Structures are given as structure tokens and as C-alpha cells.
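Below, chain A partners chain B and then partners chain C, in two separate complexes.
And now, the complex of A and B:
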């Protein structure tokens, strides 16, 4: 039971991040590697603010905005400076590594003893003891559901339509008298805001900031998106829902691998082998054809 | 209306492959004119359209629309008052979005793409009505992704979308070239209807000499970046496909083919 709750918790935190990756990879068709930097950016911001005694709940919107800003920078590098998509992400990812160290002040920053969105005086007063083991899961479920709903609604707005159009056929966006570059920047901002939000929640859940937690984030995100959207392709599920389920399934796979005798230090190896397996099985190896065919 | 003034355009400038396409190229198009443009491959037809739309920069000269110099205005801003339909039927629509969503996108052109709902429910009946004029049964497929439609259906939809909001200028870039003869005929009829109805100033590039002769009230033939035939009004009405073919042959012989 505990194992299952653990998987669900991890799965849900990473699901919020995967929603961001869904925006860049599936909607924008932009392989954004800066995610590896924006996830710990969210963690670093949350950890520092909490150490400073700021209300943990407030760290979420602040991390969200910081992630958005980072996404805007990636977008500007790509659109205005005309750097290739992959390279723009790598540049931001590398820069963010140092920036995250600067923000946190050290490579790891424990916040175990501090209050968080999962553990604070208010919650301790109103939550009965028997519900305690499910508290983290319940809170994560609420946040993930809200973030999913917001994304669903956004994708139905005019701005959301334009975002979908730019990944689908950017010539049409130009025909609609809109600058496709700006639309891409908006998409990257939203995506990275989601990722940083997930990072800030992750730090509060695990009780520390660790600069290397970001490594491999993009792979986890991509794996979740690809598992989710391919597995439930024929089911009447919204893509965002599939991505969340995909993320939980992915974490379950990793947990299974560990229970079969792999060690925690093998984690990244498991991550990449699993990802390769998923790519091969789902035939998602090639980049989607841009020709709108 | 549209004025191209002494346009210069080079490809690969400064290299051994330098090629001068337009040298001192000028063209005037009046309000409400329907111009068909023919010419062999490489004669500069599509480059001319790209220059008008701002998809490619010019190396000299100016482009004016209604007296306003638009030479340095980016493509997406020029297209606010222009509609363009491409040769590839996939270019004018979003394959992953439904017909309804595509129509809504086109309907919002010129408005701000803000956080209002993308599809205005009160407009759905209007979309259905205009799709009905195509006679392709698309009005019953509003929730079908455009990617699963045939090329002809997509091109018809693209045509509708390009002319949905008020535009001053319609640009047709070999828009029937990728379609089978029957569908091409259908799209041409639709084009004629829309252009007449909305009184659009139109430039149509085509390889189909019959369409060029039948449609439009002015005909241009281009060759190596120059206009070799320019007929309008009564002169254009008297023009036959054979006349154009003769000119084509004459040009080819000059080129040594």
C-alpha cells in the first residue's frame, strides 16, 4: 500500500511537469531541454523562500512565474536570436544550473524541519490523524487536477487555438496575421511555468533542494507524454488526462525495476532504458513530420 | 491598389550561383481586378507573390498598397488585409484541429487572440451555412479533424478560411495544381464565385492556361522575371489558349529548347 501511495505521489508531481512537456513536445513540436533546468529552478526558489519563512503556498505562484520567465528566455533565444530549438534549450539548461546554485546558495538545501504545503500548523490542526498517510496524495491530486483543468480550458481559448495552430501548421498562423514567434514564446512560457511549479512542489515533498534533481527531467516528461498519449490513443480520454496517467505508469515502471533488484544509483540508467523501450514500442522515434501532411 | 515599383531581386547574391530574377520589375494592379498569371517554371510567378506577401525580402524597389509603402512591413502584418491560398492544400488549414476549430481560427483573424473561448457558439450556424455552399458535405463533419479530409476538401476549406474575414487582396498560388481535374474545376468555380461575390482584388498564379483565359479580367504571362504578355478588358476576352501556347513555344525556341 505504501509503495502504491509513493508511486502515485511521485507520479502526480511529475505529471504536472509532464503537462508542461506535453505543451512543448506535442503541441508546439519543440524539443525543449531547458526543462532539466527549470524543474530544479522551481525547487531552489521554493526552498530558499521557505527557509526565509515565506508562506509555502506563496512559493507555488512565484515558482510558476519564474518558470514562465525562463521559458520566455528560451523562446527569445530561439525566435529572436534564431538559434535552433534544441540548442536554445541546452543553452538555458546549462545557464540555469549555475543560476540554481546561486539562488539556493549551495548544491543542496534541506527544508525538512520547515513548514510546507504538505506540513504546516494549519493543516496539522484540521487534518485528523487517520487521514495523515493520504494527505500528501490528496493535496497533489487537487493541485494536479486544477493544473490540468486550467490547461484544458486554456487550450480552448483563442490564444490556446493559436498555440495549437503554430505547432500544427505555422504558415496558417502567419496567414492569420499573427507573429508565429510570439506564439511559440507564449507556449514555452506556459510549459516552463508548469515545470517550475512541479519543481517547487517536489522540493516541498522531498524536504530538500538538490541541484542534480533536474538531470533527466525532460526524459521523464517525454516518457510520460509518449506513454500516455500512445497508450490511450483510441480511448475517449483528453490528452492531458492521458499524460497524467502516463506519468504515474512511468513511475510504476521505475518502481518495478527497482523492486527487481536495481539500486537507486541505477535510476538514471533505468530511466533512459525505459525511455528507449517506450520510443521503440510506440514508434515515436522520428521527429514528427513538419510538412503538415 | 497594388504597385510594385522597380523591384530588384537576386538569389544567392555574391556567389557564383548568383541569379538575377527581377531587374527593375514594375506592376500596377487596380482595385477589383482579377489578374491571372501564367509562365513557365522559374519565370518568377511565385517569387512575385512571395514579394507581395513579404515571405521573401527584395533587394531594391518598393511595394505599395493603397498608397502605403509596405516594403519593410513583416509578412504577418501584411497578411492582415490579404488572404493567401497555397498550392499545397495542407498549408491553408491545421490538420490536427477540427473543421469547426479551423473555421473559428479563420473567423478570429484580425481580432485579438485573447482568453475568450476559441469557438463562438453563436457563429456555428454561420459556419455551417458557408460550408454548405461548398457542396462537399463538410457541414456535417464539423468535429472531424481536417487532417482526415481529402486534398480537395481541404483546399475548399482553405479557400473559405482565407476569404472569411474582410480582406482587400486575395492571392492564389497555383491553388488547383495539386488537385485532380474534377476537384480543380470545383475549386475554380468556387474561386470565381467568391471573388465575384466579395469583389476581391485577386492575383491567381496558374499553370492551367484554360483557367487563365476563362477566369479573371487581366492576364499576365511572365518569362525570366519579365512580363511578356499583359492583356486586359476586351483584349483579354479575345485571348485564346492557342495564343498563349504560341507565345510559350516562341519563348522556348528563344531559349534554345
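And now, the complex of A and C:
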């Protein structure tokens, strides 16, 4: 039982991040590597604000905005300075490493003893003891559901339609007399806002900020998106729902690898093999190859 | 082909759900050792930990089952290792080095599983303990605080003329940053000035080393995981310029550092193992035990390194050395 709860918890936190990656990778067709920096950016902001005594719930919108800002910068580098998409992400990711250290003030900032969205006096008063083991999961479920719904609604707005159009057919956007660069920046802003939000939740769940937590975030995000959207391609599920399930399945795979006695040091290798398998199964690579040709 | 792979994937998913449900053997205690990174000091810590447990009557393979996982210096992996130990319901988690200890502590917070940490430089800053050394949760252990005072004193004795000590550290390791602060605050008392050089990854070391070696009279090491892993490279560059490098523990002296006032990590691990045994036997609760530190530093030196540099280590120091190496180990 603990195993399943653990997988669901981890999966849901990363699902919020994966929703962001879904926007950039699937909708905008933009491989945004800055995610490796924005995830710990959210963690750093949450940890610092909580140490300063700010209400933990407030750290979520603040991290969300900061992530958005970082996305805007990635977008500006790409659109205005005309740097290639992959490179703009790498530039932001590298810059954010130092920035995160600056924000947190140290490489490791614990918040075990402070209140968090999972553990605060108010919650402790109203939540009965028997529900405690499921509390984190329940809170995550609520946040993930809200964030998914917001994204669903947004994608149906005018701005959301334009976003999808840029990824599919950007001449259409130009013919509508819209600047596709601006649309891309908006997409990157929303995506990174989601990622930073996930980071801020993750810091509160694990109880500390550590500068290296971001490493590999983009891989988890991409794997979740690809697992989700491909596995449930033919099912009547919204893409956002598939991404959330994909993230949980991905975490389940990793947990399975560990419980089969795989050594932790092989984990990244397993991750990449799994990633490759899913790509092979889902045909995804062909689309990529054509798109790059 | 694709279908086969798809079937395999589904099986893996299914296994993930049912995996981890391990049966427990009667009379056998299961512990999980999570080690943050792989290098000699931490390895010694782990060996010492098992030796300490064995001394107290827990022998691996008889009444003790040990799961060892290494996070390869990745915090995400550390969290996963901790979660895995929790879901396998181990009787105790031994966490080696700060990020591992924090991950284990966070993961075990809502369970009854005690966490015994070791090689945590500052448990108070890491929020694993309060100012008075009492635990913040069901966790206790040992700290490997560097004997900075002794180290500075020793450098002064060996190099009476030296003025500037260079220290390289990685900006991502909290342990190192607090050690640097201590070096800076004490250096003045011994007439030294500290020149620090922060690096982000192993790849930065060659340039940083060249730059630092041009500015200092000697180098002193911390227990920084990234820097220690690249020590042979630093030693080689320092040897070219005839600049002595001081280590922070025995393994570093073995591979060519001139000398060190350091902790014996095996002893540190052993002390931790004894604490873990008390918890396992139910004699004491981790939540009621203060964390412990090894007070005494021991002197180590390497005569071959001294000969290469043309330095004579004062006889009174050598006579008190815990171990003197006559060769440089590869």
C-alpha cells in the first residue's frame, strides 16, 4: 500500500511539471531544456519564503509567477535574439543554476521544521489521524486536478487556440495577423510556470531544497508526456489527463526497477532504455525525424 | 515486435504495483544503507557502520539483512532510495552524507522507522538536530565536522612561511560552504589568508586548479565530494608547481596529499553502528539520542609526497602520526 501511495505522490507532483512540458514539447514543438532549472527555481523560492515565515500556500502562486518569468526569458532569447530553441533552453538552464543558488543562499536549505502546505497547524487541527497517511496524496490530487482543469480551459480560449496553431502550422498564425513569436513566449511562460509550481510543491513534500534536484527533470517530463499521450492515443481521454497518468506510470516503472533489485546507480540507464522503448513502441521518433528533415 | 515490447511494458507496470511487497524473515533485522556518493571516505563510513553493528551482535547474513544503495551524488535518486527503503519497511535506515540523510528523514517522517545518519557535517544547519544536539525527529547519528583548528595549526607547523591557503569547493555542497566559513573565521589566528575557488562540476576543476595554484602557497582540502573525486588531477597539477596539498582525511593522504589532520571515517562509521545497534535492540530511541561527533583528529602524513616537494615534516608531528605512508598509492 505504501508503495502505491508513494508512486502516486511522486507521480502527481511530477505530473504538474509534465503538464508544462506537454505545452512546450507537444503543443509548441519546442524542446525546452530550461525545465531543469525552473523546477529547482520553484523549490528554491518555496524554501526561502517558508524560512522567512511566509504562508506556504502563498509560495505556490509566487513560484508560479517566477517560473512564468523564466519562461518569458527563454522565449525572448529564442524569439527576439533568434537563438535556436534547444540552445535558448540550455542557456536559461545554466543561468538558473547560479540563480537558484543565489535565491536559496546555499546549496541545501532544509524546511523540515517549518509549516508547509502538507503540514501546518490548521491542517493538523482539522485532519483526523486515520486520514493522515493519505493527506499528502489528497492535497496533491486537488492541486493537480485544479491545474489540469485550468490548462484545459485555457487551451479552449482564443489564446490557447493560437498556441496550438503555432505548433501545428505557424503560417496560419501569421495569416491571422498574429505574431507567432509572442504566442511562443506566452506558451513558454505558462509551461515554465507549471514546472516551477511543481518544484515548489516538491520542496515542501521532501522537506528541503537541494540545488541538484533539477537534474533530469526534463527527461522525466518528456517520458511522462510520451508515455501518456501515446499509450492512451486511442482512448477517449483528454491529452492533459493522459499526461498525468503517464507521469504516474513513469514513476511506477522506476519504482519497479528499484524493487527488482536494480541498483540506484543504474537508474538513469534504465530511464533512458525505458524512454527509448516507449518511443519505439509509439512511433514517435518518425514524426520527429520528419519534422527535422 | 512492437506488440511484444508493449506487453513487456505493461508487465513492468503491473510488477511495479505488486513489487516491494517483501516477506519478512523472523529474527532477522533488515536495515537499508543509503550512501549519497561513492568515494573512499563514505565507503569507509559504511564499512565502519557494519563493523559497529557486528560488534554489538548484528552480523550480516546471520541476523542482519543489509540493503545498500548508492545515489551517485544525485538528490533525486537519494529521494527514491529513501522511499524504497520505507516501502520495504526496513527496521532502520542508515543515511550517509547530508542530502541522503535529509531525504531519508523526510521520507521517514510519518513512519516509525528510525534514521541514523553519519558523515553529516552540520546536523543543526541540515535541520536534523536542534542546537542542543537533540533530534528534530526520530533521527540521530554522527557528524564529521572538520577539525579546522587542528588542520590550520598543522599547516603552520609544516609551512612556517606560508601565507595563503587555497581551498576548492563545489557550490552545490552545503557541507563545504559551512566548512569554508569556519576556515575563514579561524585563518587569521594562524596568520593565514584563505583563497577560495568555487566550482559547479568536475569539468570546472582543471581551470579552477590552475587559477588557484597560481595564487597560493598551499592547498587544503575539505570533504567536498566533487573535489575529492578529482583529487588525483589536482595533486598532479600542484606537483608541477611544487605546491603542497593538504588533505582532510586518511584516504587523501594515501593517494599523495602531504598531510592531514583528519577524522577516521571507519571509526566514525563504527560509532554510528553502535548507536544503530542500541536503537535496533530497543535500548534507546533515536528520537531521544543526541547526535555525536568524533572529537579527536588524528595526524596522517605521506613521506613520499614530502620528499617530492622537498619538505621536511617536523619530527614531533611524525612521531604522533596515526599513520605514515612511505609511498603514494595509485
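Note that in this section the second predicted complex is superposed on the first by the 280 of 293 C-alpha atoms of A that agree within 3 Å, B and C clash if a C-alpha of one lies under 4 Å from a C-alpha of the other, contacts with A are read in each partner's own complex, and residues count from 1 in each chain.
Following the convention adopted for this analysis, contacts are C-beta pairs under 8 Å (C-beta built on N, C-alpha and C of every residue); 3 or more make two chains touch, one makes a residue touch a chain.
Predicted, not measured: the structure shown is a model, and the values here were computed from it.
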- Message: In the superposed model built on chain A, check whether chain B and chain C fit or clash.
- Response: fit
- Considering only touches as defined above, state whether A:259 meets chain B (first), chain C (second), both or neither. second
- Message: According to the stated criteria, A:6 is in contact with first (chain B), second (chain C), both, or neither; which is it?
- Response: second
- Note on the structure: Vertex chain A, Cα centroids of chain B and chain C as endpoints: angle rounded to a multiple of 10 degrees is 140
- Task: Mind working out whether A:267 is in touch with chain B, chain C, both or neither, as first, second, both or neither?
- Result: second
- Message: Looking at A:157 after the superposition, I want to know if it touches chain B, chain C, both of them or none. Which is it: first, second, both, neither?
- Response: first
- Which of the two partners, first being chain B and second being chain C, lies in contact with A:165: first, second, both, or neither? first
- On the superposed three-chain arrangement, identify whether chain B or chain C touches more chain A residues. C
- Message: With both complexes overlaid on chain A, does A:176 touch chain B (first), chain C (second), both or neither?
- Response: first
- Message: Going by the contact rule set out at the top, does A:101 touch chain B (first), chain C (second), both, or neither?
- Response: second
- Determine, under the contact definition given at the top, whether A:83 touches first (chain B), second (chain C), both, or neither. neither
- Message: Using only CA atoms and the superposition described at the top, report the least gap between chain B and chain C in Å.
- Response: 25
- Common ground on chain A, meaning residues reached by chain C in one complex and by chain B in the other: none
- Task: Please give the residue numbers of chain B that touch chain A in the complex, ascending.
- Result: 74-77, 79-80, 83-84, 86, 88, 90-97, 101, 104-106, 108-119, 162
- Quick one: which bits of chain A touch chain B in the complex? Just the residue numbers, please. 154, 156-162, 164-165, 167-169, 171-180, 291-293
- Residue numbers on chain C that touch chain A, as the complex places them: 2, 5-6, 8-9, 12-13, 15-17, 19-21, 38, 69-77, 79-81, 83-84, 86-89, 98-99, 102-103, 105-107, 109-110, 125-128, 136-137, 171-174, 177, 200
- Item | chain C contact footprint on chain A (complex, rising order) | 2-4, 6-7, 10, 97-98, 101, 106-108, 110-113, 132-133, 205-208, 210-213, 215-216, 249, 252-256, 258-260, 263-265, 267, 277-278, 280-281
